[in-house]
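Step one of this worksheet: look at the structure below.
The letters A, B, C and D name the chains in turn, as written, and every chain counts its residues from 1.
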Amino acid sequence: MAMPFSTRRLIRFSHCDPAGIVFFVNFFEMISGIVEDWFRDAVGLPFQEMHLERRVGFPIVNTGCEFLRPCHLGDTLVLELSIARLGRASIEFDIRGRVGGDEKFRARHKVAMVSLETFRSMAIPEDMRAKMLPYCETRPAGR
Amino acid sequence: MAMPFSTRRLIRFSHCDPAGIVFFVNFFEMISGIVEDWFRDAVGLPFQEMHLERRVGFPIVNTGCEFLRPCHLGDTLVLELSIARLGRASIEFDIRGRVGGDEKFRARHKVAMVSLETFRSMAIPEDMRAKMLPYCETRPAGR
Amino acid sequence: MAMPFSTRRLIRFSHCDPAGIVFFVNFFEMISGIVEDWFRDAVGLPFQEMHLERRVGFPIVNTGCEFLRPCHLGDTLVLELSIARLGRASIEFDIRGRVGGDEKFRARHKVAMVSLETFRSMAIPEDMRAKMLPYCETRPAGR
Amino acid sequence: MAMPFSTRRLIRFSHCDPAGIVFFVNFFEMISGIVEDWFRDAVGLPFQEMHLERRVGFPIVNTGCEFLRPCHLGDTLVLELSIARLGRASIEFDIRGRVGGDEKFRARHKVAMVSLETFRSMAIPEDMRAKMLPYCETRPAGR
């Protein structure tokens, strides 16, 4: 069973558009944020260490988001991340946002590991992989 | 044959991340920008007029983007918008970004027309629709 | 004695520029954020309530910031807000950011209260004022 | 006599806040943008070349802005940059924004030249300086 990784974001004035609701672009910034938080808190790999010490990065391959209901100033948005598919060199996240029981958005966000030395794709090392497994929605395929 | 609507964006310092390439979130801001430009210049409907005078809006239903190659500071990104599917009350845009012949991203971005009086979906009026048709990749279905 | 209002912000990837340090524009977003937090948590006036129920706003008159040292990805920035001058209808904030004992920026940020009915300046009501007083660096002048 | 450097920015949906006017933080992004444009078009030094080839940078020392009138969606903001003070190693810009004859903001924005090799302040070389002089409001002092 997947254990979702969860964070909270208070919806601020700066997130909102002239309609008084979250401008959709800011949801992508929040998606970026929870992935960064997950790497730091769940995988034990803060971005600065990942980039400078391990010399690897996780560029984004694709991302898609369905916007279900508007989100308002003052809302506390609960973000939940799990892994829909853990590949050899890639991770496809399932990220959702809700306010109370009200689902606001549902995203798929795929990143792939690259070496910052060669800029080529590389397999996720076993030590990182082990820390990612608990967040997989189902058993990883193809292994 | 579709006639793409095209704009240019110079990649600035503020678009770039610590890796020196465009932060993916900023591509969504550019996608939002070309849609706004298209409504103003092609459909003849600037957002302020759309919202205040026509009392309609086009909230985003879903958006997805494939990131093909990194984009760098100083690049001139050419954005091209066409309509993949023009529904009764919705528009699904096909939006691409390239630098010279180098494709950088490819997005699908779907919006749906709503009345700002009732917040309910409404059919795109014929006068607007006529101005949208030239940007359709194929003849609109279901009409 | 002033009691500063304090919040923390983790410096994320999205805050940083190609030089790997916080892009100065993002410090202004953080300044905006701590003012919003202070209105909510210290004055008891969340922005949505201020705007919709009390029908008042606090537009920005001027802001200035000295950037003392660069701030890096992964830093925990401590923000501190106090009031340098509480006028009849205006508040001049003194806002500082530091990482540990290292001061990063120092800002002055002045807002003025307006009625959202008349868009004219109005005196800060006594109930709000009483909650602001503990954050004044010195006794308010001209009262 | 100063010759101001001028650019235009269309005010977009993404620049505006729930009050329907430009969120002040976005004016700082525009200030950053006109400085970048001026370095490229007037001084002949695009940022990527400045950073990678000349190995110099211009970090921001301080910035201050007075917000005179709100700016709205659909406005064409004319930005004007001149140099209030050209120091040995620093430049203090005077940057204004107006819509038609209506002044919207007035900023002072000071940057200082540093070597990216030593991270120490360095004098602006004569070749760059010569291209900056036409934008000075008055004859540079202390030379």
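Note that in this section a residue touches a chain if its C-beta (ideal position, glycine included) is under 8 Å from a C-beta of that chain, and two chains touch if they have at least 3 such contacts.
This one's a predicted model, so the numbers in the text were calculated from it and none came from an experiment.
Most remote chain with respect to chain A, judged by CA-atom centres, is D.
The interface with the greater count of contacting C-beta pairs, when A-B is set against B-C, is A-B.
Distance from the chain B centre to the chain C centre is 36 Å, each centre being the mean of its Cα atoms. Taking each chain's centre as the average of its CA atoms, chain A and chain C sit 30 Å apart. Chain A and chain B have Cα centroids separated by 24 Å.
Across the assembly, chain A contributes 13-14, 18-19, 23, 25, 29, 32, 73 as residues in contact with two or more other chains. Residues 12-14, 29, 32-33, 36, 46-49, 72-74 of chain D are the ones that touch chain B when the two sit in their complex. Those residues of chain C that touch chain B in the complex are listed here as 13-14, 16-20, 23, 25, 73. Those residues of chain B whose C-beta lies close enough to touch chain A in the complex are 18-19, 23-25, 28-29, 32, 51, 57, 59-67, 70.
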